[in-house]
Amino acid sequence: MHLGWLIFYLASVGSASAAGNCSYKALLEHLGLGNDDIQMTSLRPVFKWKTPTFLFLDLFVTSITEVNEKAQSLSTQVTILLGWVNEYTVWNPDDFCGITLCSVKKDMVWTPDISITESIKTEFATMENQYVQLQNQGAVVTSNTFAVTTACKMNLHQFPFDVQSCTFTFQSPIHSSKELVISPFSDASFLTLSSKKAFQTQGEWELLSINTSKANVTTLGETQDQLIYKITVKRRPLLYVINFLMPVFYFLILDLASFFIDSAGGEKLGFKVTLLLSISVLLLLLQDMLPSTASDIPLIGESFSALNIILLTDAVKDTKSPPDSETDRHEERLYALDLLKQILVELQAAAAHQNQQERKCLSWTRVATIVDVIFNFLYVTTVIVFLIMLFKAWFP
Amino acid sequence: MHLGWLIFYLASVGSASAAGNCSYKALLEHLGLGNDDIQMTSLRPVFKWKTPTFLFLDLFVTSITEVNEKAQSLSTQVTILLGWVNEYTVWNPDDFCGITLCSVKKDMVWTPDISITESIKTEFATMENQYVQLQNQGAVVTSNTFAVTTACKMNLHQFPFDVQSCTFTFQSPIHSSKELVISPFSDASFLTLSSKKAFQTQGEWELLSINTSKANVTTLGETQDQLIYKITVKRRPLLYVINFLMPVFYFLILDLASFFIDSAGGEKLGFKVTLLLSISVLLLLLQDMLPSTASDIPLIGESFSALNIILLTDAVKDTKSPPDSETDRHEERLYALDLLKQILVELQAAAAHQNQQERKCLSWTRVATIVDVIFNFLYVTTVIVFLIMLFKAWFP
Amino acid sequence: MHLGWLIFYLASVGSASAAGNCSYKALLEHLGLGNDDIQMTSLRPVFKWKTPTFLFLDLFVTSITEVNEKAQSLSTQVTILLGWVNEYTVWNPDDFCGITLCSVKKDMVWTPDISITESIKTEFATMENQYVQLQNQGAVVTSNTFAVTTACKMNLHQFPFDVQSCTFTFQSPIHSSKELVISPFSDASFLTLSSKKAFQTQGEWELLSINTSKANVTTLGETQDQLIYKITVKRRPLLYVINFLMPVFYFLILDLASFFIDSAGGEKLGFKVTLLLSISVLLLLLQDMLPSTASDIPLIGESFSALNIILLTDAVKDTKSPPDSETDRHEERLYALDLLKQILVELQAAAAHQNQQERKCLSWTRVATIVDVIFNFLYVTTVIVFLIMLFKAWFP
Amino acid sequence: MHLGWLIFYLASVGSASAAGNCSYKALLEHLGLGNDDIQMTSLRPVFKWKTPTFLFLDLFVTSITEVNEKAQSLSTQVTILLGWVNEYTVWNPDDFCGITLCSVKKDMVWTPDISITESIKTEFATMENQYVQLQNQGAVVTSNTFAVTTACKMNLHQFPFDVQSCTFTFQSPIHSSKELVISPFSDASFLTLSSKKAFQTQGEWELLSINTSKANVTTLGETQDQLIYKITVKRRPLLYVINFLMPVFYFLILDLASFFIDSAGGEKLGFKVTLLLSISVLLLLLQDMLPSTASDIPLIGESFSALNIILLTDAVKDTKSPPDSETDRHEERLYALDLLKQILVELQAAAAHQNQQERKCLSWTRVATIVDVIFNFLYVTTVIVFLIMLFKAWFP
Amino acid sequence: MHLGWLIFYLASVGSASAAGNCSYKALLEHLGLGNDDIQMTSLRPVFKWKTPTFLFLDLFVTSITEVNEKAQSLSTQVTILLGWVNEYTVWNPDDFCGITLCSVKKDMVWTPDISITESIKTEFATMENQYVQLQNQGAVVTSNTFAVTTACKMNLHQFPFDVQSCTFTFQSPIHSSKELVISPFSDASFLTLSSKKAFQTQGEWELLSINTSKANVTTLGETQDQLIYKITVKRRPLLYVINFLMPVFYFLILDLASFFIDSAGGEKLGFKVTLLLSISVLLLLLQDMLPSTASDIPLIGESFSALNIILLTDAVKDTKSPPDSETDRHEERLYALDLLKQILVELQAAAAHQNQQERKCLSWTRVATIVDVIFNFLYVTTVIVFLIMLFKAWFP
């Protein structure tokens, strides 16, 4: 700790000398900055009013902190680099010992008004940058990092295999395109590359690309420049596959398999009710995540609902099986009783009507079995068709 | 990246010359703005105090970020465009090389105080606009985008087929209508159209219309102008239909169908308990969403409660069935025993009281069956009447 | 849109003339406001320091946005109207063309410091009002709307039939009662009426009344004035009745009814376990809402806990029943076996000990039945007494 | 409403006269305040730089709004009273008509920099106090109410019978103890008393005491004064006792009681599974509340885990019982068959091996019963020892 | 309370005398601070523009308030100590009665612009420090405490035995490394030691170390200095072990143990379904915590999913067992019937086909038993291999 302080002290002493035109102070006095001149801070810095001010802008997306499908909003950490021409702050570096750059407080010069049309909340992500950099040929550059939440129209049809595109529209709230011309500073591929390199989170979303385009909008009869950034992000579906799709498909396969199990109805029904409950829980979890929209309801939601109803119907059908198995046991008992009855067959004819009832039962059992087989065949077909359609929709 | 910078540089060099009366600076000096004049910034900009200031206002609703039924609040992203007459900032464009518009920092001129009466929270949605635009004929225009949360009386009687109307009342907290006259700038249909075009979310709510009206309110003996915007939004019910109504009606149909199933009581009861639990879970989810109000309890909530009680009663009734089915099996066994008894009929009369008990059981079974049929008939009737009433209430 | 602008333009042109003493500017110069005079903005506006400043205050409660029972806090939207005497800003309207009112920026005059003692969070609910209104006889009036969260001691003993009273204590943090005298502006009935009229939400809570009272507090040896508003709100219990009380009482009645059902133990137990689970879930939901306090635990919580334990005990008792019903079936079988045994009665005496066992079973069954009847009687009595006490506590 | 205004007017007129040295203005001019003097506002107000500034501080805790065990943070509403010596603002009251107190805007004088070391978030709880009070002998006093969230090391070993102590360490970020001496203003017992009197919530936590102590810390080679307040709060355990402990102990007693119930295995197992599920749900609810720490895991958590495992083991053991009861019924049937076999005993010896199997079953049943009794004894002993230890730890 | 005030008064009176060059005022006048000099506040404080400004920085991490695995963010309370060289504020202490330190308002001198690249939100944790300390040899020192939320790439592969490393990159948004040289003030071991000592929470995370390193980044063709702090934190896994791992391993052991239990199929299946549900609930709780990432899915998640599927398969297999046990009972009955049949064996041959069916059943049972044994062996092997791999991955 002492060492650092020593270096510090020596450096301080070493540089404490000389001045003249080699100081920032001389430059500021030359430029006329800093005496609270309204012209410098409040008016667009052009000599002739018809000259537009050129504004260059770069947007780096350095983190995706939240994607809220329900509220249809995207929360990001972005760095915005702004550069513009200030005709008043031009100087010859030779007159000032070669000074080409000078940082001054941002309220000493005019700064452009720029807003993000889609923004619901814009806050400084870190300590606010109080300075702008003046460059000798008249450019002023500043950079700030924001935590921005923007509204974003999301299409969740292919969830969880979806790719979302959200726009950031930069526009002046007041200046027309005759006053302020907004252009991208770097090209889109550089922004994408830099953003990916600086990306600080490894969460659910992957940044695919950043695209830029220019547009115009007419407000109060004046045309305004717009610079539109389109951020394309891709969901990493692994967890959803493991936690939603795998269990459901596994349940489905088990359910199909259960046709070939010739078990007692009670356990089979219990097993299907368990499947139903599991899928219902998954469905409720999904609903918590996804919004209610008119046209593009997520396929996965529809599928789960469909599956739920299919399984429920299947399970209800099985509640009809127990009487069959009851009947089976009934039949077994009847066989046993037959033997007894044979002993007494000539003694009484009282058991006659019973015999009839039994036969009805048997024929009813046969009909039920046929209906069951047809139902099962239709069920398996439905499920297969349904799965084929789902996969086609997900991976076109 | 280099290219952009080059254009920038050339533009900067090209325009660095000439001035005179063609600059904003000359205009500002003419108007007397910017020398911290209290008259300019703090006083209503009229020559004669009896002249009211005319304020024109436009409200664009560009996103609905949240509708909280429980807290009865609406969160929106809105753009507010304000224009008013400033008698001090009138100039002849011919005197200033044709300047008709000039943007200055907003703290250089007087700005009207305007508040939204229903607002619980008003924040800038994006970077605050620091500038106002002066127009040569004396108009001052500014525009800002806010994230606003407003209190809104919601009627949830027809949920999820409901349409909500929320108001935004613009009013000055201090100025009377003799001082500040508030009027809409554009007409309502233009606002609705523009808002729908700019709408950035595709969530649960659809913007139907924006209406404007004027009103007066008396505070401390002075009349104040109010400008009221009525925002009408419609819920997209699809997800609720799929997730709440479809399962419930499906359950209901299954329950009705179960009357015609002649299954053993145990499984039927288990199945009904499952139905009950499912509806209870749905009911609890609904309660989480909807508030407790005195008069207008949502129909859907009432219906679910009613259904729950109906099904519970039905299920309880079925707990009485098992003895019947027990009795059935009992009867079967008795038939079997009868055969045996016939062998010994002359040997003992000991089984006589047993016979009586059996007959009571049989008659009890018959009564139970009749009660059951009547109950089922009433139940089905109740459910049908109830469904008819529900649909009438939802889609009048 | 054009029309509005035209009216605007004409109005602007029409009024652009004349001035003299008829402008606000002349008035301000007369009053000496606006030249950054420390006396005007920082010192209590009295000529003689012994004169106290009279502060009048009105509180309108225009929305209740949240009542948090657990955190014991109340979130409201309130409008606070402040008026006070400024001896420096008195003028004769006749000298200024009849100006009686003038709005100036609030940092141009002294404003009283006022705080809400119970407040945990106070934020502007809408855009901050930057102006105060000067009246010619020396009064200064301002009004602002706040979103306030206040701590509030809640008594939840009668939940959900409770009425809560929360206080807003207005007090100066620094000025003693010799310096600042705080009084209500309007009377309480007017505030209640106005607040009810302006009420913008139709949620769980209904505003009953606003009462005012004055008090004193001694800080650092000086007496300070306090103005206390007591806001009384009443819960609308309907949803809680439908969702908590109705199901519980329904469960209770079903449970009582189940005594008269002579069903097999298994289903009865299963039914009671379902009741238990349902009440437990409701109890957990209640706990989520209500806080842990020493003395005044909500009656409803106690009742649910008591019910839970009663039902659990009842259900446990029923786990003892199955052996009885087993025994019943056993008995039936024994009757059947008896018949067979009669055939062989002279052949062997081996079955003798079996007979004894059976008799023990029978007597045990009788004892169990008696215990059961006594238990049931006590149980029904307990429940009835308990219900009577509960209703007495709720509706005294 | 009119009446109030009238009093107001009369008071205003009555006092509008006279001045001279009896005004605050004269005092301010004497003191030299208000002409933007850097010396007054930015420099420590001492004539000789070696004189330290004495700062007196009082902390009143007026609400506990949240205790977050998981994040280990405490949210409180506190009032901080600050007083310090300003050598420049001393005057003789006799020279100014007896003025002893004067309130001025706080940016007109130097204010000490003070921070709370443990604070994670400090916000004004109500409207910020803009004034400080000057006292004629040189003291400056100010007071503000904050909503503070502080980090607090919590020991949850005895939850829910725990007492937590959180500290508020007041320290200057920059000034050394040679420059700023921090002392408590009032004594601890007065603070405790006042805080308890002003306490506005009646929630889960009870304020026990506020203690003060002084400490030193060395930063960058300079010693700094610290004033440490220790806030001791006690949890009101009633709700936790009713909702967590009572059910668990009740379950435990029921479980122990179930040993003496000679019921069929199926229901007993079902009952135990219900107990298990209930305790598991309670355990999950607890985990939601309590944090994962290395050394001091809450006793209640450990206990629940232990209970869960004990009960699970007990329940698993019971899954072995059903075969026994199956065997019992088997035996009954065998007795019945024996009778039949006796008829045919001389006819065939085919049933011989069956007899052997039966005997094995019987002996296996006896062994199982002995194991069962031993297990139950150990189980009861474990539970009792465990309960004794738990109560000793909670109430030492 | 009186005592404190008395000391206060005496101290105040005692020091009210003398001045001259021994005051801070004289020093400020010498340095030329405080007359709103733009040079002092807005320009980098060097005489020759080529001299870089040396900035020294220390980061103390005093609390970890939240680690959000899902959002991949870290919330901490940090104290940042900044020191830099100001060539203008150098003085000889001998000229000023030995003054070596002087605290002034921070807006009176130039302050460096510094930002944390990873920050999503930076707020003052306590009252903002308004002062900086000037040291006579030209150093300026300031310190502030922030609540910072930073984005942090987390690797959750070894959860809950994971160690996370998050970086804080300090960088100037505007100044190049020719203008601003950023260095650590203290060495890393001192920072780690101090941070650990000041650590105010005892939660889930333990601070392991703070490391510093320097780096460069090129923006707009200029090199910028970066100072990177790497914070390494270790999770305290105890609660996760108790609540997630212990139950799961316990369930696993029970499941393995259940192979050796020769119980009736029904209870065994019920028990396994309970296990399944428990593990599913734990899995859902885990998913709530952990994010969906492409490559590094947590081992624990994979394991739970695998276990779930293994157990489900195992349970499904058991649904096939009941028919076996049914068959067993069937066989028993057949034995009984055999005896009866022997009586009638010469009377009828009707029972012949029945005998065949029984033999098929018996052989099918044998095959099922063999399949079962093989399955169980594979299952146990899988589980053991799986556990070995898991432990290797967790504790390499």
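Here are some notes:
The chains carry the letters A, B, C, D and E, assigned in the order they are written, with residues numbered from 1 in each.
Note that a residue touches a chain if its C-beta (ideal position, glycine included) is under 8 Å from a C-beta of that chain, and two chains touch if they have at least 3 such contacts.
Source: prediction; values computed, not measured.
Counted as hops between touching chains, the shortest connection from chain A to chain E is 1. Averaging Cα coordinates per chain places chain B and chain E 36 Å apart. Spacing of chain D relative to chain E, judged by their CA centroids, is 23 angstrom.
Multi-chain contact residues, meaning those touching two or more other chains, occur in chain C at positions 340. Beginning with chain D and heading toward chain E, the contact ring passes through the chains as D, E, A, B, C.
Chain E contributes residues 38-39, 41-44, 46-51, 54, 56, 70-73, 83, 85, 87, 90, 111, 113-122, 137-139, 150-155, 173-176, 179, 183-187, 190, 219-220, 222, 265-266, 269, 273, 276, 280, 283-284, 287, 290-294, 296-297, 301-302, 305, 308-309, 312, 316, 319-320, 322-323, 326, 330, 333, 337, 340-341, 344, 347-348, 350-351, 354 to its touches with chain A in the complex. Per the touch definition, chain E reaches chain D in the complex via residues 1, 4-5, 7-9, 11-13, 15-19, 22-25, 28, 33-35, 62-63, 65-66, 77, 81, 96-97, 99, 101-105, 108, 123-127, 129-133, 141-145, 147, 198, 200-204, 206, 235-240, 242-243, 246-247, 250, 254, 257-258, 261-264, 266-268, 270-271, 274, 278, 281, 285, 332, 335-336, 338-340, 342-343.
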